[in-house]
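Each of the two complexes below includes subunit A, the first together with subunit B, the second together with subunit C.
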Partner chain A sequence: MTARPHVLYAGLHLLDRQLVDADGMLAGKVDDLELEPDGTETDGTGPPPPLIVRSICFGHGALWRRLGSGRLGSWLEQRHDHPRERIAHLPLSRVDRIGPSIVVTARHEDLATYDTEQWVRDHVTAHIKGSTHATE
Partner chain B sequence: MRLSELLHRSVVDADGGESFGVVVDVRLVLDGPTDSAGEPTYRVDGLVVGRRAAVARLGLLGRDVHGPALLVRPARWFGGHRDYVPWTAVQSYDGDIVRITGRPVDLPVTTTPP
Partner chain C sequence: MKKFLAVTLGILTAIGGFVDMGDLVANAQTGSRFGLSLAGVVVIGVLGIVVFAEMAGRVAAVTRRAVFDLVRERLGPRMGLINLIASFFINLLTLTAEIAGVAISVGLLISVSYVLLIPLAAFLVWLVLWRMPFEWMERFFGLLGLVLIVFVVSVFKLGPDWGDLASQATHPAVPEHESLATVAFFAIALLGAAMTPYEVFFFSSGAVEEHWSTGDLNVNRANVFIGFTLGGVLSIAIMACASLVLQPADVQVDTLPQVALPVAVAMGRVGLAVVLLGIFAATFGAALETALSAGYSVAQYFGWQWGKFVKARDAARFHVVMLGSVVVAALVGMTAVDPVKVTEYSIVLSAAALPLTYLPILIVANDPEFMGDHVNGRLANFFGSIYLVLLLVVSVAAVPLIIITKGGSG
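Right, the complex of A and B next:
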């Protein structure tokens, strides 16, 4: 059973909250939410159907879309959503706990937010003298 | 659609003649259809409407600040007035505008934040 409050304010309680993975590792921030109609049939002339939260979005693509660069953001998200790439969305069913941080049932290495960390490790930290074999 | 596409949209009446502010936040209630894990999803219950979106993100929701006394007055002043539009009153959300029927109501009493 997951721990979720009954009422939330999306901007205040979800956006920019810290993501924590299943092992307790920091995994970036929530950058956006995917909303979709709940499936209620409408005839197209009345009020819009209710919206439900389908997934949380994170990573460069979601952030660029949120900042207004939809084309670049979509491209980055599609790149991440390739089966062999990292995940840029997680369905709400994979959110284990919502509180001061958002705990998800995924490993931080599998999330799109890990890209920057990996890039810095490969291109910066790895070139610093003494950064490898620290225990030897 | 994305939550960010809903935030900051102008909220106007059905005729577009009266502006009530912009969407500063979205209230979610955990009573939507069940997901693949059999648990309820969050449903968009309504829109928080105000003039100062950035302040709302800081948690300064005006009337919800009850203390300490030193902070109450500045928080209510900075937070400005907040109204609420139940989703059932939303007529359409095209472009950058949300059209509603009727007028915004008082913000529902919030539960303890997470």
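Right, the complex of A and C next:
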């Protein structure tokens, strides 16, 4: 439907865009990007090698870092580093489609952005009658 | 035929849902103080909301992305967060005013102090948000709000000198005992009432809730062009009623019942009952819209699952933001703050915050990568740009005017 651009600008086409999971559920925003040199050999005199996007980052840690509080961001992110915790970044290969939203091949429950959702669901909405009824 | 009915229903809902506490108060106040001389501002405001709501609805239908989604993307996380905090605060003020409006209209019908009814009104608002399907909710309160046409009927019943009304409306002037600053303050209030940011948050998110696609662009246009314009006619009728009954009696509007007074004068007890029902429907509907907008804006900034189209357990954070907003608004309302003052501040501050919300809409509506063949035409861009300049001026002037005029009382 929307024409695919010939050139993707990471800052424009990825950053701050809505994440949608494999089932169509809203799963957070692309809060930050992880960049790395593209691997071409340089002799140290020429321009530095171009950067490529390695992965998209999401969750409060990445957002706080972009908002300017690096220390708070890193602390929040470390909380996700435990192996059994949810993941706070996905490699670009897990990105299925880049359009008005970014569709990823993951489930929203497995992403770091689901932590607060689950807490609120278990501690607040689950205690109110009718939370499992669709209103439509 | 079915399509025709759906479009008609949408238009009627848009008319009935257009008026809220801000429109009721601002139009009655200006009518009682300045006659119809500021009616032109209502026309400017209605055209403005038509231009930007059409864009926001079109973007939502084509991309399934609502306004605050675009705000974060186009303004970035920092400016987006500033806009979120400002919009959320203004939204809370508006919600407080709407819940008070519900309580006041019911309180008048059953002769109970409105402050006592606020907890009940807030609970009912929350219950509808928690359980009633989106379309039912929108249609029920929108259609019930149509009884506000009683303001139009009242203008005819009052048998005005039409030539005089027309000449007031076409010759805006500063009355001798009023200052230019006061007139400007009320003009901004009227503009803010017609163009409040929550309207586009709600309208665009509603388009996603109702699963609009490019096939619904006609519905979008019909709702906005016809529905909002006729909603604007109701606003001007409220102003005309106040100018015909309250201005000659030198009554200045500082309570909600005074807004209903001209209808009682024109049409007696039945008229009064009908107008109170209309005010109830309009404020209840707007309370739902502002509470939803609180949830929509926060959830769309952070990318959380939102919407009444999923089960509440799947959009837990969204529902909790709405619940929290309703509780805070009710608590503020129960301190017996003056609901009319709260309304005034909410609409003037709304006007100040408008550019931050409308700029991203204009940018995205022009992005062919997002919009394909449905990008803005020349007309939409012409009006969109003019309004952005106007809104920037308004935005700079709003807060100084609040201070100079002491909130319109100077």
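Operating definition for what follows: the second predicted complex is superposed on the first by the 118 of 136 C-alpha atoms of A that agree within 3 Å, B and C clash if a C-alpha of one lies under 4 Å from a C-alpha of the other, contacts with A are read in each partner's own complex, and residues count from 1 in each chain.
What we mean here is this: a residue touches a chain if its C-beta (ideal position, glycine included) is under 8 Å from a C-beta of that chain, and two chains touch if they have at least 3 such contacts.
Not measured: the values here are computed from a predicted model.
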item: Which superposed partner A:Gly28 touches (first subunit B, second subunit C, both, neither); value: second
item: Subunit B versus subunit C as contact partner of A:Pro91, first or second or both or neither; value: first
item: First (subunit B), second (subunit C), both or neither touched by A:Thr105; value: neither
item: Partner chain in contact with A:Arg66 - subunit B first, subunit C second, else both or neither; value: both
item: Which superposed partner A:Leu19 touches (first subunit B, second subunit C, both, neither); value: second
item: Touched partner set for A:Cys57, first subunit B, second subunit C, both or neither; value: first
item: First, second, both or neither for A:Gly130, with subunit B first and subunit C second; value: second
item: First, second, both or neither for A:Pro48, with subunit B first and subunit C second; value: first
item: Residues of subunit A at both interfaces, subunit B in one complex, subunit C in the other; value: 2, 5, 15, 66, 99-100
item: Contact set on subunit A toward subunit B in their complex; value: 2, 4-13, 15, 32-36, 38-39, 47-48, 50-54, 57, 65-66, 91-93, 98-100
item: Of all residues in subunit B, those that touch subunit A in their complex; value: 1-4, 6-7, 24-33, 35-37, 39, 41-45, 48, 56-57, 59, 61, 87-88, 90-93, 101, 110-111, 113-114
item: Subunit A residues within the subunit C interface of the complex; value: 1-3, 5, 15-19, 25-29, 31, 58, 63, 66-68, 99-101, 108, 113, 116-117, 120-121, 124-126, 128, 130-136
item: Complex interface listing, subunit C residues touching subunit A; value: 62-65, 69, 72-73, 76-78, 80-81, 130-135, 299, 302-306, 308-314, 316-317, 319-320, 323, 368-372
